[in-house]
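Encoded as structure tokens, here's the structure I'll be asking about.
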Amino acid sequence: MHFLKTAWLMSRLQMRSLVLSRRLLICVLLASAPIAIAWFAGGHQHATDIVPFIGMFLVLQVVAPLISLTVGSSVVTEELENRTITYIFTRPTDRAAFFLGRLASSTVVSTILVTISSAGVIWAATYPQAGQANFKRERIRRGAHEMVEIVRDLPEGLATGLIAASVVAAIMYTLISAGLGVFFRRAMILSLVYTFAIEGFLANIPGSTQKLSVQFYLRSFLTDVHEMSASILSEIPMLTGTTLYTAPEALTRLAAAYSVFLLISALGIRTRQYMMTS
Amino acid sequence: MSEPVISIRNLVKCYGKIRALDGFDLDIPSGPVGLLGPNGSGKTTLLKLLLGLLVPTEGEATVLGFRPTQRRDRLSVRTVVGYMPEGDCILPGMSAIELVSTLARITGLRTEDAMTRAHEVLDYVQLDEERYRPTDGYSTGMKQRLKLAQALAHDPQLLLLDEPTNGLDPKGRRQMLDLVEDLGRTQGKNILLCSHLLQDVERTCDHVVVLNEGGVVEQGKVSELTAAKGALLLVEVEGESARFIEQLQAAGLQTSEGTEGGLRIQWPDADPDADRVFELAQQAGVAITQLRQQRSSLEDVFLRAVGVVPHATSDTDASPSHGDSDDLLGKQP
Amino acid sequence: MKPIIKATGLGRWYGEVIGLNDLNVEILPGITGLVGPNGAGKSTFMKLLVGEMRPSSGSLEVLGHTPFANQELYRQLGFCPQQDALYDHMTGLQFVTHCMRLANLNHTDAKAMATRALQRVHLENAMNRPVSGYSKGMRQRTKLAQAFAHTPKLIIADEPLTGLDPVARHQVLDLYRELGDSGTSLIISSHVLHEVQSLTPRIVLIHRGRLLAQGPVEDVRQLLSRHPRKVHLRAREPRALARALLELPHVHSATLEEATGDLHIETRDIRAFHSDLPALASRTRSGIESLESSDASLDAVFDYLVG
Amino acid sequence: MRASTHTEIYRPFTGTLREHPRRWVTIGVSSAKQGFKRKLPALLLFTPVAIGCVIACFRVYFRFQLLSGDLVNINSPGAAGITLMVTETLGDVVSNIFTYTQGMAFFSLMIVAWYGAGLIAEDRRLGANLLYFSRPISRLDYLLGKGAGAAFFGFLALTLPCLLVCSVATFTSPEWSFIVEEWASILKVILFSSIWVGTVTVLVLTISSLVGRKSHALIGIIGAIVLSSGVSTVLAHLFNENSFSLLNLFQNFERLGEWMFDRWNPDRKVTITQTAAALGGLWTLCLFILAVRVRKMEVVA
């Protein structure tokens, strides 16, 4: 019971410090970039071209990891760098509760932001008057209603696939950077290196090593439901030689990896000694 | 007294609504001077104004003939003033010798002079072989001495020292105070020393200025401010003090409990006769371990000046104003 | 009395750097001052005490528990860390309340306790403002408030007086005295030795990662028999007094400082000196004006031991 | 000789201060010196630069050798055709330099970023601004000094190799023809590379002044470059319009070079005025931020 209460307190603390932080501002800017691009592109190209293109290359490969890393790396590292972690670790609380609580808040924040980003891309790309500067105000207000209509017109499953993939991406990458923060001081740089150097490398060379990257599974969500994005993927020469999973398969595997990494991190934080160099 | 080193006329500095300095006049004499005041009393603002880092809202200050409050002298005043800031400050990646010589050259020394000078001041602060090592690994004591060395690099006539003993262990503190004392008393430098440790100021300075809430509340010579008030003897005894007290009272002396322990003996006339006390002690069979004329300490002077009753031991009788005496925002009009 | 802290062969390394080496110490309830030069291992010892680190060798018991991440211990422990770090987006009251809630109190109790603690450190006027606007002294006092708000059995404070102005120093020292009087045990590290001494006679002195001395300062001074005790006297007729004093068997030397007229005496037996002095003074009537023996202070003991 | 002792502990300084010390030079030199202390990153960053420079020099050298007929007898039939072909492939001096600067734009950026990222950020973190501004330096001196320190390494990576290529051309060209006929392009090369180095330096210093650590500044610089070029590429791709490439620093640089060396591609929809305006806008923004931040650093001192 106390464990849950601590976790709740910790998640509230994290939520408050996140909401007021400069990090979140950067994340919001990051999240809005693809939406803005999709909006401007909306007038020039058809939504079925824009959504997979921006969704795949910008949202899933760049924006989702960046937002999740920025938010997730604050879970342990921020307290450690500010050296406020002492106040929590010298209280009768379970350290794992600290980690889980803060991770929960971060995950919620990053998921919301990434989902907004990908949903925004769909909305902006499909909005009838997108890309035109002289739109009228009332049209915007009616936009949400119309969007539902237009999303229905999109090829089947494209919207759900992209949103599902971005939710999963946010959850995964947040844990990765938070978990790295448990074990290493420079979590932010390490997770940047991991996602963009290691994973970018693994995901874009042919062969079964792709299965070691999160990106690979995210692609499964898109191709499984939508032929259009599958055709985009097949245009990338590096991706030949591997077959993607179906969405449920991908989800199970990711869930398994997630639980293992979560367990390792939770155990790690209970046993690791944190040096606060003064 | 000779020409004042620093003279200040009606200096006002406002940050928005807050008046950090509240328009005071002040003449600081030559020699080592202590600048005291609670946190947020305007000490730091004053130092920044004297260095020409801030522009005052009103008023004028003169430092050794320069006017740091004027645009013209804003930079040149810093050639005659050495500043030792509070907190850890180092130039990243440099060794001590590089740091001091670089800063000396920035001040305007020629390259060859700067190198010689850097070695001399580092000798003075006793940074020996360490001077060739990067400063990142220095201990607090070494960093503090390095900071003093860089302030001395251009042989300034006035030194502004901000908390030079902060964070030092007893040995480091003694070394630092020895240096400050030598600079002020033997080398004849003008020093303005800010410190929260009143013992440091008492030891190294001849003169003190107490700031509070942006104004000067007390200034004068340390010896005069702490001069003995009346004939009061403070005695510490070992053994049966009850009998001793009885005997003292029988001899017509008033006694009371001292604030820091011990026994206060009030003498009827100005010149106390301690031999008499020893005589009575011998009769009472007690040993005397400590005997001195009561002087007020600098702490008493300080606490009185900033409006706190000295030795207010319980929380309740402390005056309400000092609850946030170090509270900058609490001074809004 | 049962010791609150018991360290046996305690050691801690950071790679090849030694932090603490074979430390054996028992600390009894009450106020204890932890002193030592920079880098002596004080901070390491504190970190081991509050369970931020595990020892590399030996064992450590605090209130009967091994400290590392031990929830049982943290119920009875308050820690005031050295670093000037607080959650800047919170108000003082929110911060202390938050700490109390982590100690498993419900919101109402936590808030009441936090308010009381903040009042005791004189922050009642500032406690509803964000911590980011606090001065250094106010931050120190906030840290202190969170350490004692839940009435722990033991409070550990690492350099709690740094950055405080004399007024706040005075108040905080008084608060420590009160806490000590009310039966809380305190372990306080500080570099300003006379302040430690004004709080407590009992010290633990660590140097180069080893225990150098422990116990009441006066007793420690007695053990340092190879340094004769020094006494400073000022008298109307110092020469006559010096001559008389040198006849005492335990007086080692007498030096007269020409410039000030101060008389410095070295004696092997300070007790005998003190008890002989009244007789001698009243016999010679040399007009003693002051008598001080400064080298029994913690400062002096520290100097003799650490050098 | 008269006996004397010199046991004084503190020696007063008897010299005089310079009348007009160039204080920013001191800061620049000391910043550059700090950069030289770390050997490994220097080795890694300067290796591609050195390789590129050697290749360019060799091509220029080979070309003039061919033209002068030392290697192949021009008079022999057939050889003339081959010589012409090879020299055409090797390109003239200016185009070699131009190719080099384009290839090294990214590396020179990384070099300036590596050496410049910490210059202001670390100063603030370690409180060095307190020490600097207690000296008689103005904010401009400070900025110039820091800028000079970072730009020095950009100069090493870009301007110096270009000058090397020019000097190789000068010495190998027959009868000093290169320096006689094309002296103006040497000046252009210097100007062009200085513009790039200056722009990059200002950008790096600005980001450095906004964050508190060197690593954050590096992340910020890389992020800013990657994001701006990514976004401009995506936009340009989606709209088939080149004006979005104004957002891309590298492409602006390329266009500026094309204009200066008379290689303007008529297909470009962007005019040189627009490019200049984009670069000018960047400078203005950066200098404004720097002015505000350094002012704050002085007062917080």
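Letters A, B, C and D name the chains as they come in the text, with residue numbers starting at 1 for each one.
Here, a residue touches a chain if its C-beta (ideal position, glycine included) is under 8 Å from a C-beta of that chain, and two chains touch if they have at least 3 such contacts.
These numbers were taken from a predicted model, which means no experiment stands behind them.
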Moving only from a chain to one it touches, give the least number of moves from subunit A to subunit C. 1
Ordered by label, the neighbours common to subunit A and subunit D are none
Greatest contact count: chains B-C
If I average the CA coordinates per chain, which chain comes out farthest from subunit D? C
Averaging only over C-alpha atoms, locate the centres of subunit C and subunit D and give their separation in whole Å. 57
Based only on mean CA positions, could you tell me how far subunit B sits from subunit D in angstrom? 50
Subunit B to subunit C, mean C-alpha position gap in Å, rounds to 23
Pick one for the touching-chains graph, please: line, ring, star, complete, other. ring
By the document's touch rule, what are all the touching chain pairs in this structure? A-C, A-D, B-C, B-D
Taking the complex as given, what residues does subunit A use to touch subunit D? 33, 37, 40-41, 44-45, 50, 53-54, 57-58, 62, 186, 188-189, 192
For a test of understanding, state which residues of subunit B touch subunit D in their complex under the given definition. 48, 51, 53-54, 75-79, 81-83, 85, 87-94, 98-99, 102-103, 105-110, 113, 117, 120, 124, 150-151, 154-155, 182-183, 186-187
For the complex, give me every residue of subunit C touching subunit A. 14, 43, 50-54, 68-69, 71-72, 74-75, 77, 79, 81-83, 85-87, 89-90, 98-99, 101-104, 146
Would you pull the subunit C residues touching subunit B in the complex into a rising list? 35-40, 120, 122-126, 129, 133, 135-138, 159, 162-171, 174-175, 191-194, 198, 271, 274-275, 277-279, 281-282, 285-293, 299, 302-303, 306
Residue ranges of subunit A in contact with subunit C within the complex: 2, 5-6, 9, 13, 16-17, 20, 82-84, 86-95, 270-271, 273-276, 278
